[in-house]
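In what comes next, subunit A is part of two complexes: it sits with subunit B in the first one and with subunit C in the second one.
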Partner chain A sequence: MIELTLQTLSFLAAALLVIIGMAGMLYLDNLIKKLIAFTLLSDGVNLALVSLGYVQGGIVPILEPGASLSDFPNEAALIFGPGIVLTNIVIGVSTTAILAALIVILYKRYGTLKASKVLKGEHE
Partner chain B sequence: MIDAFMTVAYLMVIGVTIGAVAALLQKDLLRAAYISGAESIALAFLFHALLAPDLGLTQAIVGTVLMPGIIILAILKTRRHEESD
Partner chain C sequence: MNETITNLWSIPLLIVIPILTAIVVNLLYNRGRAIRAVSIASAAVLLVISLVSPYGFQWFTGQPGVTYDGTYTFNANVFSWKLSLEYYYGPLQQIMISVMSFLLLFVVAISTKSLKKNFGPYIALMFLTYLSAAAIMMVNDFYHLWIAVEIGSLLVAGLVAASGGGAAQKAALKYTFFSALSGSGLAIALALILGITGYANITDAINSLKINDLSGMYNVLYVSFAFLMLSWIYAGGLAPIHPLKSDVYRSAYPHATVMLQTQSKLTLVAIGLVLLRMFGTLPFAREAMLSISILTMVIGIVMALIQTDFRWILAYLIVSHSGLVTVGISLGTFRGIVGGLFQAVNDVIYMSLLLVCCEMVLYFGRGTSIKFSGGLAKRAPLLTVFVILGTLAASGVPPFNGFQSELILIQAALEQGLPEVAAVILMVSVSTFIALFRAIYSIFLRPGDELQQGSERFKLPGTTLIFLVALVAITLVLGIYPQLALNFLTESALKVVFVPWVP
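Now for the complex of A and B:
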């Protein structure tokens, strides 16, 4: 039996977010819904990477004055995953902005937000 | 003793998944953008509970203001409701 700690539940939530995001990107027809599903997918990947670094009963990896130096490597959460995720959050915003601009251009050209009509190339 | 902070963190795990499903089920795209912002706030709290408070602050600003803002700008330039046919 797997113990239901916060880390396990976060992994489950991350897996659900990735599944929901991929299913939304593949099967929803609206382009803006696809964009929202993409942000959900990105959130799921971020959550998986952050919960990898979690230490049960640990502390935030900041060495404060007066803290015990010998306990710090055992108690502190891992820093590598969150360091990458901070970059990924910022890159996700610029990717979303570019996708939104492309959606607006597609709407101006085809007059619809449905991906099936855009792929068929129907002009209005 | 039940830790209040961890209890809220467990609730936020549920809130993230429910918010993700609810955002994609909306017919009104503007409301979908708002709900994705609410899901992002729950994710920011979860980052804080997972011992990464710097990511919590970044996600709270970026996911709640910038992401829905960009999506709402795209909706204002196109159309608000999903086409039915």
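Now for the complex of A and C:
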């Protein structure tokens, strides 16, 4: 039986966000809704990455003067997860901006936000 | 292999120069001559750097493990935790990045001539695409790999959208939506690998997997392998994501597709080798990679055979030949990896030759549909010769380069006791010839009513002519003297097979 710690709950919430985001991106027909679903997916990934660095009863990973060097590695939260999140936020914003720009251009061209109409294939 | 512990000077330059060029040409925006001068000069500098650079590392954090033998030297073969985000420039990186720099030089020269206005941002995207591919080739840590792949995906979308037209914008939108999915998958893979091993450095992560007891961790390993493979499939345009990538290749200007397909091939090589180094010993991992590769080859070539437009044919052939690259890597043997890497080098060269020929068909005001065109051989005989030579190289006909790499791949498949894979590779070669010759006959050789009326010959622009001659020369030289390229590739293949933790 998996113990329901704060970290487990956090991972579950992240998984839920990722699933909702993925489903929205794949199945919703409105391009703006697809974009919103992408932001949910991105948030889910960020939450998973932050949760990875969580240490029960841990401390901020900054070595204060007088702190015990032997205890620090065990108590400090892992810093790499939040570091990746910062990058992922930047990438997420860039992707959102590009998607939004393309949606605006295509809306002006086709007059609709329906993916089924806008993205209709021209393949022979 | 001892290397100095100082950071290598060329690695930051290969990253910074494209960024600075992108900023400058963006600011120049519409000043055609200035943009042309700056971009050609930058591309030439990048080519020189990639050719003359020594081999070595660039460390961003942490430090290399050093040994003291009179002087402090870094020995990649001696075990030590590196704890650093690092880039590596070796023989494999040198040949791949040099080829890409050579293509960039001519692509920039051609595009700054053919585009009429406001092409500063477009050229900037071209340089940034180069940057992302160079970074993907050089990284030896998951963090930078993830960033480079993400940036690369966005740049592909940007470059396609900048090619204009509704079809290009639609292709860019579809590609960006899926890039969001695969990018998130790669981030999750990174998080899982960090969770299992504790290291972002690929060398450290492989060492950690070797040293630590992983019983009970296999499910997490497989999930991280699956997410990493998803990004491999996506970034390289392998099946079943191939319609998105072929759409991208078809929608961009053919000269932009030269850079796009080069970026894809380099990404396939880089991520493929990481997959093999990290998960190669995992049961069924190589089999999964091989299945995707065979599927890509077969679907790509079947789709190419049924197309009725030269651009679509080339788009699907690029996809199909991506499968040739990955099939070699997936075999995981020394010969297989050498074949896959050599195929990647050859592929970008002969596909570039065909793409530039396709660009010239459009430049002469002709359509690329094989239903309504014809008679171009009379008006452009030189272009006809080039496109036939490109077809022979792509079809693996001796003495061109495609023959050598496909022969190595077939030998590798037979060595592994997989004659059916060898048969598929042969089938791809033959079908490539059929698909391309069908287009060549319809566009160039078949009598065309409209074109018969004129007798004036089309003249190839000077830069394009030089580019085409150079590409044909390279396909011939590598076909006759394959050792010129193989000397760069064998060391990398040996390392992947015998010491996978060494970048």
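Operating definition for what follows: the second predicted complex is superposed on the first by the 120 of 124 C-alpha atoms of A that agree within 3 Å, B and C clash if a C-alpha of one lies under 4 Å from a C-alpha of the other, contacts with A are read in each partner's own complex, and residues count from 1 in each chain.
Heads up, the rule we're going with is that a residue touches a chain if its C-beta (ideal position, glycine included) is under 8 Å from a C-beta of that chain, and two chains touch if they have at least 3 such contacts.
On a predicted model such as this, the values are computed, not experimentally measured, just so you know.
Novice: Could you say whether A:K114 touches subunit B, subunit C, both of them, or neither, answering first, second, both or neither?
Specialist: first
Novice: Looking at the overlay, does A:V18 come into contact with subunit B only (first), subunit C only (second), both, or neither?
Specialist: Second partner only, subunit C.
Novice: Could you say whether A:L9 touches subunit B, subunit C, both of them, or neither, answering first, second, both or neither?
Specialist: Touch partner of A:L9: subunit B, not subunit C.
Novice: Which chain makes contact with more of the residues of subunit A, subunit B or else subunit C?
Specialist: B
Novice: Just to be sure I read the superposition right, which of the two partners does A:F38 touch: subunit B = first, subunit C = second, or both, or neither?
Specialist: Second partner only, subunit C.
Novice: When the two structures are overlaid on chain A, which partner does A:Y54 contact: first (subunit B), second (subunit C), both, or neither?
Specialist: Only subunit B; A:Y54 stays clear of subunit C.
Novice: Which of the two partners, first being subunit B and second being subunit C, lies in contact with A:I103: first, second, both, or neither?
Specialist: A:I103 contacts both subunit B and subunit C.
Novice: Thinking of the overlay built on chain A, is A:T95 touched by subunit B (first), by subunit C (second), by both, or by neither?
Specialist: Touch status of A:T95: second partner only.
Novice: For A:F80, select first, second, both or neither according to whether it touches subunit B, subunit C, the two together, or no partner.
Specialist: second
Novice: Quick check on my understanding: which residues of subunit A belong to both its subunit B contact set and its subunit C contact set?
Specialist: Residues common to the subunit A contacts of subunit C and of subunit B are 103, listed in rising order.
Novice: Within the complex, which stretch of subunit A touches subunit C?
Specialist: 18, 22, 25, 31, 34, 38, 41-42, 44-45, 48-49, 52, 80-81, 84, 87-88, 91, 94-95, 98-99, 102-103, 105-106, 109-110, 118-119, 122-124
Novice: How about subunit C: which of its residues touch subunit A in the complex?
Specialist: Within the complex, subunit C touches subunit A at residues 143, 146-147, 150-151, 154, 157-158, 161, 166-167, 169-170, 172-174, 176-177, 179-181, 183-184, 187-188, 190-191, 194-195, 200, 243, 247, 307-309, 312.
Novice: Which of the residues in subunit A come into contact with subunit B in the complex?
Specialist: Its residues touching subunit B are 6-7, 9-10, 12-13, 16-17, 20-21, 24, 28, 30, 32-33, 35-37, 39-40, 43, 46-47, 50-51, 53-55, 58-61, 77, 82, 85-86, 89-90, 92-93, 96-97, 100-101, 103-104, 107, 112-114.
Novice: If we count contacts the way the header does, which residues on subunit B are in touch with subunit A in the complex?
Specialist: Going by the criterion above, the answer is residues 6, 9-10, 13, 16-17, 20-21, 23-24, 29, 32-33, 36, 39-40, 43, 46-47, 49-55, 58-59, 62-63, 66-67, 70-71, 73-75, 77-79, 82-83.
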